[in-house]
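These are the structures in question, set out in turn.
In what comes next, chain A is part of two complexes: it sits with chain B in the first one and with chain C in the second one.
Then we have the complex of A and B:
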């Protein structure tokens, strides 16, 4: 039994943790912005999927991975604008528009894949250039740590930097304060002379960019291919991480790592004989559990606080009654 | 002769279906306190929104310091030294005081980064300069309403305002906080040579603070007077267009049995903090118990707990002798309780539905209105709604009009009409006349007294002390979830009661 457990914790497990977490981290950094700006963005999954597809297409056309990434970002901006146009400007229901983006993304990628590129299911080609892995000098030579932390595509490292940059942006620049104010009390921002609609547009576009990057990483980061529906609900998981991490970048990053770890663990469990059908469900189960945890813990916290206060109150009254004796 | 700083010339504002301002012309002089009074919907706020640049007038001209403003935005008004403190505060709850004050004009480091230290420094400078004390690092949602208002004023001062518009600034304040606010206004006018425009419908405040007063009615300016030349009676008849009687109401009968009772009641607020801490009270038939408290001292949670909307954590509530713990609002109502909720738009009505539909909510399954409890009898309902809306004087709408499009006063009359028509022995009434004009206040008060004289037990919660004093047989004060005082009618005056509304005085042993 012990052997089986130790067998789970290999270098590969941690490598997979980081690989799985990265697209979620990227998308969640985008989701942070819309969350702070007061937009319920459930369209991230579609944004990622389109980003992944566009990255592959332009990497193929130009035989260049950076071009793929560039166009994934451009299409991310476009979807972000589209989303904001309907949700913020035209005040359509954010659930409807988010769902629309998801369904549209699933349909249009499959349609274009089959009709233009004549591929079904998965599109692999030697002309799809991926992002080269980066070895970090010195670090790569340290045993174990080197293996775990070195040798990923640029995006993995970028995602770590983004966590810090996003935090600085939100909490140390005026724009960050404006985006947060736009979500919390739009008319306060408006009367101060700044248009909250523009801030919400900004948040939506930033979300589009990050989801585009997440998609590009998914398709060009290690496998260099596009598979129908390859976003595999990562947008929703990213959304859950945003909620779980209370839209605070480092906490959201932690939540994404936890998710990545559990997914990797699920994979490893297969090697010790747990059926793959079960292990594949781990990340989604985790998402559900995370959300249940948030709700339940918030409620118990409330209950406990009330109980404690009531006890203190009673003790106080008892004390007041006693000295007379 | 003082110089003119703001001038309205023939300003009219046409909203769809409503002429909010009708050819209004007047001047405001530098260094004066100008009060703008009028009933709800008289066009005061619209006029100030035009000055601040939120609305663009349909016709007419606005001048600030002699400069004509054409389609100006709030940002341009700020440039011209106008600051507005809105009735509903424009503060971001999770930001600190300093962060709210500098919002949109944040001090920066290296042009990109927010200089948080400099923001606090700027706030402290303002505090020193104007004598309005606040803690720059305090989180706005954790400070009192009075302090939040101070932050609002500082916000405008930070942006260099010297013309200050205050939209119903005292609506949420205690008498003591109001007095403090007036001190601040007097000081900034005297020492900093500022001009203050104050919108209100409390006439005693007009008399206390203003140099001149403009009265509006139905979008028209009825007159501008020197405050020292008028009194409250003159102003109120100008506002309403007729004499208003503010006598006490005729109360008759003697209290009967206890109909509603709370025993050691505990309830928590939405954050899970204890909001109602061991309340005990009884209300008898033919008696009105007034609850005087500043907003956020547990009275909302109390209302919800006794109407079944909020869980009772400890203790119990009895309606006509039955314990209601664990019951839902429908079950509590069946015991003989009706409820006029404090927020009519959120919980009192269904805004997009018609007057008719709103009037029969809660009765739609009665055999009177529905066959087999399923099929609505349309013509009966229409006749009933018409009768009821005539009886309760709901104006400006037919029974098919969406309630949400009525004025505040008429909306409230719909709520009152519906709840009173249940003919229950227990009435829970919260803020019955908040944001309602004088004519409607009179009408609603008369109806409440009628119910009392007919033998109802009434719990009245109101932020308006005039209302509490006018209607209540007994008054209890609440502070931080506890009862801090209980008084019979005539035992205490308004200034006296505010002492009990602002702290637990039991330990001091009476006087300070």
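Then we have the complex of A and C:
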């Protein structure tokens, strides 16, 4: 039994983890902008789906993967603007608009796939050019580590760089500060002479771009095909990771990796005889458990801090009171 | 002003609806029987549902008024679409295990005939106007299992299932038995994707099975199963298609598909409807199961189109005919999960 379990930890498991995590990481990087800007964005799944579709369409038309990616980003910007227009400018309910985006994406991709491209279900063609895998020099020659960390499409490496860049942007640049302020305290931002609405628009557009990239990776980064509904709830998983990682890029990245790992492990646990229904539920079960843990621990932390502050205050008042006594 | 516009809009909508309905009414006036197939999911799986569509198209070509309605896996639409189909059609074909309310609908339309594909109602005898088609997918899978067992070089063959459900396990049972009968040293490994449309997940399953040594994988996961075929070149594996001849439906990847296990949903629908049309009294199997087996070629193995190079050695293909005869004659009993 133990041998069987250790046999599960192959290079393939970790490659699978990274491949599972990448689209989620990309989408989550977008999602944490809207989260910081105080918009609850549940429309990411739809944004990913449209990105995946557009990427395949333009990769097919131009026979070039970069064109596919470019147009996925452009459409991402468009959806981001659309989303912000309704949610921020027209103050529609963000939950309703998010759901609308998801339903619209599911419908429009299927409709266009069938009516324009006369493909039903899965669109497979040699003319859909995918992103070629890239080997990192030096790193690829290291045994095991090289196999796990090298040989993916560009997006996988980009997603790692984005984690750092997004962190720097959010916490070390004025724009990042303003986006966070737009979510936490818009009136303060207004007092400082900066329009929170514009910051929310910026966050929404950035989210659209990242979701477009996530979609392009999903359809061109590994298999070069489009399947109806291929986002398969990854947008919701990304949203869970954002909440889970408290919208902090490295933590969100960790959450996405954990999720990808559990999914990959679940697939392999079947070979040890664990029922597949159970293994399919493992990532979601863990998400719920971790969310509970995070909420509880955050609450205890808050309570402890409050207690400490109260004690400090008491001590202070006592100190103040002493000389007068 | 607003009121006038909304009034005008309402009038237009009512009128267009009226026109739409008369349009529908016109359709039913053709001579042949009206056949409507209701799919619980959607077309495009390049296997099960598309095969049903093919059967319906053939019926339409033969003079029946036959058409397909998709529910896109939207549970709200299942019963509605069945009922709307029953309003206009003479024979209603339910495609998909999710349509278990077909019995209730059949009760409400006693003068219509209902067919449920690939699923068997527990208390079927209570529904005189409902028949269930049950496929001997285990028999067809036995054949491709035999091919896999003969052709594997690593002595490990793989199986990807869409979900851990009896129908899919029936494929597995036949496949595993066939592979072991062909090659006693063979080991069969399996993985379920738990999803019918997540192509990437199917590819990951393919990799997980290849890591366990499988060099031939039988893909029974609908759209997710095709993921393994797309990755076959990189993983160094060969695949076996399902339901339809996937070498024909996915010609770009025919080099990685050695054969397909045919579960001819279309042919069985066509056969059943044609038989019923010929003699509605004698050939209607209401309240009973219509078994679609190897005898009528409703299940079997296919090796690609006429202009494609056959990847399976001829001597292995020749071995299949005696097996078929034995199965049809009942001399060889194939394991089942149903």
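Assume the second predicted complex is superposed on the first by the 292 of 325 C-alpha atoms of A that agree within 3 Å, B and C clash if a C-alpha of one lies under 4 Å from a C-alpha of the other, contacts with A are read in each partner's own complex, and residues count from 1 in each chain.
Just so it is clear, a contact is a pair of C-beta atoms (placed from the backbone, for glycine too) under 8 Å apart; a residue touches a chain by one contact, two chains touch by 3 or more.
Keep in mind that this is a model prediction, so the values were computed, not measured.
By the touch criterion defined above, A:118 reaches neither chain B nor chain C. In the superposed model, A:271 makes contact with chain C only, not with chain B.
Within the superposed three-chain model, A:218 lies in touch with chain C and out of touch with chain B [touch as defined at top]. Of the two partner chains, chain B is the only one touched by A:194; chain C is not. In the overlay built on the shared chain, the residue A:91 is in contact with neither chain B nor chain C.
Looking at the shared chain after the overlay, A:302 reaches chain B, while chain C stays out of its contact range. Of all the residues in chain A, the ones that touch chain B in their complex are 168, 172-174, 176-178, 180-181, 184-185, 187-194, 301-303, 305-306, 309-310, 313, 317. Contact residues on chain C toward chain A in their complex (touch as defined above): 42-46, 50, 72, 161, 163-164, 189-192, 194-195, 197-201, 203-205, 207-208, 210-212, 223, 226-227, 230-231, 250, 252-253.
Residue ranges on chain B touching chain A, taken from their complex, read 73-75, 78, 84, 86, 88-95, 99-100, 103-106, 108, 112-114, 116, 155, 266, 268, 271-274, 277-278, 313-314. On chain A, the positions that touch chain C within their shared complex are 10, 12, 15-16, 19-20, 110, 119-122, 124-126, 218, 222-225, 227-230, 232, 264, 267-268, 270-271, 275-277, 279-280.
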